[in-house]
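Written out below as C-alpha cells is the structure these notes cover.
Lettered A, B, C and D in written order, each chain numbered from 1.
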Amino acid sequence: MRSTLRAIFILALICAVALLPMFTTGYYTGLVVKILIYALFALSLQLLVGCAGLVSLGHAAFFGIAAYYVTLLSPQSGPGNLFILLPCAVLAAMAYALVTGALSLRTKGIYFIMVTLAFAQMAYYVFHDTAVGGGTDGIYLYFRPELRIGDWVMLNLDDQYVFYLFTLGCMLLTWAFLAMLMRSRFGAAITGIRVNEPRMRSAGYSTFKYKLVAYVVAGGLAGVAGFLYAAKDGYVNPELLAWEQSGLVLLMVILGGSGRLWGAIIGAVVLTLLQEGFQSQALFGELAKNWHLTFGLAIIILVAILPQGLAGLPEQLRARRHAAKKAKPSPTTA
Amino acid sequence: MKHTLSRTALAAVLAFSAGSAMATVKVGFMLPYSGTYAALGEAIENGFKLYVQEQGGKLAGQDIEYFKVDDESNPAKGPENANRLIKRDEVDILVGTVHSGVAMALAKAAKDSDTTLIIPNAGADAITGPLCSKGVFRSSFSNWQPGYAMGPVAAEKGYKTAVTISWNYAAGKESTDGFKESFEKNGGKVIKHLTLPFPNVEFQPLLTEIASLKPDVVFTFFAGGGAVKFVQDYAAAGLRDSIPLVGSGFLTDGTLKAQGESAQGLLTTLHYADGLDTPRDNAFREAYTKNFPNLPPDVYAVQGYDAAQMLAAGLKAVNGDVSKKDAMREAISNATIDSPRGTFTLSKAGNPVQDFYLREVQGDQNKDIGIAVKDLADPARGCKL
Amino acid sequence: MTTLLSAKNITRRFGGLTAIDNVSLNLDRGTVHAVIGTNGAGKSTLVSVLAGELAPNEGSIFLNDQDITSWPQPRRARAGMGRSYQRTTIFPSLSVHENCRITAQARHQKFWSWASPAQHCALSNEAADRALALAGLDADGKRIAGLLSHGGKRQLEIAMSLATHPNVLLLDEPLAGMGPEETDRMLDLLQSLKSEHAILLVEHDMDAVFRIADVITVMVNGAVIAHGDPIAIRANPDVQTAYLGDEE
Amino acid sequence: MDPIIFLIQCLNAVQYGLLLFLVASGLTLIFGIMGIINLAHGSFYMIGAYMAFALQPLVAQYLGGGFVVTLIACVLLATILGYFLEWVFYSYLYTRDHLQQVLMTYGLILVFEELRSIIIDNDVHGVAAPAWLAGSVPLGDVMTYPVYRLFISLVCLLVAGLLYWVLSRTRLGMMIRAGASNREMIGSLGININRLYRIVFAIGVALAAFAGAIAAPVSSVYPGMGNAILIICFVVVVIGGIGSIKGAFLAAMLVGFVDTFGQIFFPAAAGVLVYVLMAAILLFKPEGLFKQG
C-alpha cells in the first residue's frame, strides 16, 4: 500500500512540475529549467558519491566539455541536429572521463579528491587561456539544436515550453536509468565496492573495471546536463568547469543526502532556491547585496546538523527518537 | 460613510488609469559595482543620473524608475543577471555594461527578448558586428577605434617596431588589433603581442620580456585597477625612460590620482580629453564636480551622460510611450548627440562616429594636444543590418 | 588426494623486514591444513600472498598445476579460491541473503546487463541459499546482517566465501572471539566442508586445531620450523620451545 | 634567452615559490596534524593582504610606524584570529569526515569573501612599498629588478629557516612532527592535544596572512585573490606529501619554476602545466614525494 501511495505522489509531483510554466512568468520558468539541469547534474555525481563511494571534486569538467562541444560544433547559420550533437557531446565528456578516470582511480581517499580537482582545472585552463573556447569571454550558441531527421523537424527546442518539457524528460529519464542501474547486477557490485572494496576483490570482482565504467557513465550523464545548460542560455564560458562549480554540485549531493538517489534532486532544488532567495531584495532587503554571507552560513549550518542530508532526515530523527526511548526507562517496566 | 468611500475609490481608479499615460520608464542598470571595474560602473551611473537630473528628473515627461544588478565583471553570470532585469523586473531599457564579455551576453539576451539596450562602455567589436541589431546602441566606442587612432600617431613619431600587451580577453585583443592595423598601414611592425589572463596583475614576467625584446614603443590596453598597477610596474621596472609607453585612453582615465608620478607624460588616444575648453564640456564638468566632488569627470561619466541623452532623444520622438519600440529606436539611430566630447552621430550599426583626441598626461589631467583622427567610424565588420 | 594449491619457496619482504622467509606448502582436497605460530609469525601475510592481495618477492604459486603467481586476486577468486578475513568484513546494511548473493554473483558476472534486476539472477540466488544452508543460517535470510550476533557474523563470513563455489578455502582465524558451542558448530561445519574443499586454517585455538587439522605447519618469524601430522607436531621439541613453551 | 633574463626569471620563480611555501606550509601542517582539509586557507592569505592595506594608514597615524610595524601588526592580528577560529569553528571539525570538512570550509570561504566586501570594499587597491625599498637594482644595460621583490624573497627565506629551526630544534617542533607522522600517538604521549592543535592552527594562519601582507605591494589587493592561490597551494601540499614541511618546500619551488618558465615558453598552456605536473607525480607516487608516517 505504501509504495502505491508513494508512486501516486511522485506522479502528481511530475505533472505539477510539467504544467508549471502555464502559471509562472518567463523568469521563474527559466529558474525551474536551471533547477532541472542541476538536478540532472547532481544525479550524475550521485552515481559516483552516493552509489560507488567515489568523492570527485572535478565533476564539472565533463559538464563544461559537453557544453563547449555542442556550442563549438553547432552551425552559426541555423540550428544543429540534436541527433548528432547530443550523442557527440556526451561521447566527448565520456572520452575525457575514460582517460582521467583510468589515471585517477589509481589513487584513494583525499588524493583521489585532489587528482579529480587537478584534471578538472586542466580542462578549465585549456578553455580559459587558449583560443579554442574563445578565452574568458566564452562563445555563443546562436540557435538551439532541434531534433531533425532529414528535414522533418520532430522537436524544435527554440520554443520555451518544448525545451522545458525536454529538460524535464531528460532529468526523469536519467533518474529512472540510474534507479534501474542500481537494482541491476552492476549496481549491486558498485554498492558492494562502496561498502567494502577488499571483500569484493576477494569474491572475484575486478573492482577497477567497475569503478571506471561508473566514472565514465557519470561523466556522460554530466555531459547531458552540460548540453542542456549550453542550449538554455546559448552561452558557455570557462567558469562552467571551475572548481566552484564542482564544489556546488558536490554540496547539492551531500546536502540532498548521498544515501538515496533522489537526495541529489532535493539538494539541487533546495540549494538553487537558497541561492535565489538570498539574492532577492524582497526577502532579505539590504542583506541581499551580501548574499554570499547568508548563503555561506547556511551551508555551514546545514552540513553540521544534517550529516545524512535532507533525504536522510527522517531516518536521522527516527534514530534519535529510538535512542531517546532506549535511554530513558519507560515507566511501564517499574 | 459609504458615500465618501465611493468618491475616494473613484479618485483612485482615475489616478490609476491616468497613471498609465504617466507610467514610468523602467531603466535597468547592469553595471560592475564590485571588482576591478567598480569605479567605472559608479561613474557611468552618476553621468546618466546627472543628465536626467538636469532635465528635472523626467525624460520626455516620463518618470524614470531604476533597477540595479551588479554584474561583478563576471561573464559566467551574464545571461542570468540579464534575465533578472529583462524577465523578472521587465525593464523597458537596459543600460550596461563595462566588461566586454558580460556585454556580449547582455547584447544576446537583449536581442533574444527584443529589449532596447544602450551600452555605456564595453567596446566589444562583435556587438556592432556579428551581434548587431536594431535595438542595440553604444554611447562609447568600439575597441578597434582608440587602438586604430594611435597607429598613425606612433608611426609619425618615427617608431618602427612595437610590442602590444593586454589582458587575454575581447577588449584587449580588439584594441591591440586596431593599433596593429593602422600602425602597420603607416609602415610600422608589431613584433609581439603579450597577454595575461583577466584580471591577473602579475606583470613582472612580461615586463622582463618587453625589456629583452627592446621595441621602439609599447602599446597597451588596460583599464581600472589593472591600468593603475601596470603603469606603476612599468615605471618601477625602469622601462619608462628607455621604451616609450602609449595606449588607449583607458590606461590613464580616472586613474591618474592613483598612478601619480609614474604616469607623467604618457600619450593616449581617446574620444574625450581634459582641457577641451568648449562651453558644452565646461558646463558638464562644472555640474559633475558639483554633484560628485571627489570623483573626476572622466570619459565613463561622459559616456553615461550621453547614454541618457540617447534615451531622451528616443523618448521625445514617441513622446514617452516606450511601447512604440521601432519608432523610438529609429529616433535614437538618427539622433545627433550634443556630447561634452563634441557632437557625434551613430553609424547604422549603432556605434558613435566621433573625433579621437591625442592626449598627454600633465599633472592629474590628460591634456588634449590635438586631434589624432577626425570622425572615425567603426567598420562594423560582419554586421548584416 | 589431489593437490589443489601449492606454494613454492615464497618470500615476502617489507623494506628491511622479511615477513615470509622461503615458505613452501601444499593444500590437498579433503584435508584441513592448519598453520599456527606466535603473533607476527607471518601467518596473515601468507594468507594475503596466497589470496593475491600481496605479490611475493620470490617463489611461485600453482592452482591445479597452473602458475597463478602473476594473477590478481579477483582472477584467482574466479578460479576457485575463497577467502575469509580475521576481522569480520560483511555488508552490515544489506540482508544476510543479499550478502551471499553479492559474493555469489562474482561467479556469474554479466558486466553489461544493466536492465535485469540482480534479484532475478537464479544461479546466484541458489548459490546463496546453498551457502546459507551449509553455514546453518538458512533461517536468518531476511535479517539485516549488521544485527547478527558475533558468532552469526563469523558464520556469514564463511557463507559468503562458500557462495562463490570455491574449491580452495583460506580461513584467517575463523574462530576468533567465539564461545565454546559456536566453536563446536564452526568445527562441524569445517568438517562437513572437508570432503569437497582444500582448507587452509590459520588459527590460535590449539584444541580446535588439534581436533580438526590433518596436517599442521608451524611458523616462527616468517619461517617454517615444523610440518607434519598433529601427533608429530605436538611431540616435536623445537615446536614446544619456540611456541608451546614448557606446557608439560 | 640571454643569461640576464634567465637570472631575472629565476628570481621571479624563487620569489613565487617562497610565497607559495609560506601558505602551503600552514596548510600541510593543519592537514597533516589535525587531519582537516581547510579550503578557507586561501582566505587567510587574502585577509593578510587586506590587513596590510587597511592597517597601513592606521599604523602610520597612531603608532607612527612604517611598513615593518604594519607587517608585525598583521601577523599578531592573524595569530589571534587563528587562535579564536580554531576554538570557535575548527575544533568542531575534528570528528567530521573529509567530505564535510571540505563543504563546511567551502561555506567559510563565502563568509570571509563577503565580510571582506562589507568591511573594506570591492575595489582593487595598490599597497605602496616602503620608500627605502621602492628602488630597483640595475642588471645589465636595460634591465632592472625591483628591490622589493628581493626583500620578499629574503624575508620569506628567513621565515622558512625560522620555521625549520622551530620544527627541528624545539620541543614544540618535536610535538608537531610527532603529530604529523602519527596523529593517534601524540595523545598517548601526555601532550595536551587541544593546545597543540590551537597553536599549530594559529601558526598556519599567521604564515598565510604574513605571506599575503608581504606580497600585497607586488600582487595588489583584489576580491577573490584567496581562491587563486588556494588551488595552487593544494597542488603544492599534495605533491610534497601531506604533513611534510620538507615536501612542501621542495614542491613549492618546483611549482614556482614550472609556473614562471611555463608562462615564458608555453604562454597558452601556462595554467595547465602545474596540474599536469601534479597528476604525473600522483600517478607514480600516489602519496606525494615525502609522505609522512
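Everything that follows uses one rule, which is that a contact is a pair of C-beta atoms (placed from the backbone, for glycine too) under 8 Å apart; a residue touches a chain by one contact, two chains touch by 3 or more.
Predicted model, so just to flag it, every value in this text is computed and none were measured.
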| item | value |
| --- | --- |
| Between chain A and chain C, the fewest steps along chains that touch one another | 1 |
| Innermost chain, taking as reference the mean of every protein Cα atom displayed | A |
| Of all other chains, the one whose Cα centre sits farthest from chain C | B |
| Two chains joined by the most C-beta pairs in contact, as defined above | A-D |
| Centre-of-Cα separation between chain D and chain A, whole angstrom | 33 |
| Where chain B and chain C are represented by their mean Cα positions, the distance between them in whole Å | 78 |
| Chain C and chain D, separation of their C-alpha mean positions in angstrom | 51 |
| Geometric centre distance via CA averages, chain B-chain A, whole Å | 39 |
| For chain A, residues that touch 2 or more chains besides their own | 128-129 |
| Shared-contact residues (touching 2 or more other chains) in chain D | 117, 271 |
| Residues within chain C bordering two or more other chains | none |
| Pairwise chain contacts under the document criterion | A-B, A-C, A-D, B-D |
| Touching residues (chain side chain D, partner chain A) in the complex | 37, 92, 98-100, 102-104, 106-111, 113-115, 117-118, 227, 231, 234-235, 238, 242, 268-272, 275-276, 278-279, 282-283, 286-288 |
| Of all residues in chain A, those that touch chain B in their complex | 25-27, 30, 128-129, 135-138, 140, 233-235, 237-240, 242, 289 |
| Chain C-facing residues of chain A, complex | 180-181, 183-189, 191-192, 195-196, 198-207, 209, 213 |
| Touching residues on chain B, where the partner in the complex is chain D | 33-36, 38-39, 194-197, 199, 201-202, 204-205, 208-209, 211-212, 214, 224-226, 228-229, 232, 236-239, 242, 258 |
| In the complex with chain A, residue positions of chain B that touch it | 70, 74-76, 78-80, 83-84, 87-88, 100-101, 104-105, 108-109, 112, 124, 131, 168-170, 197-198 |
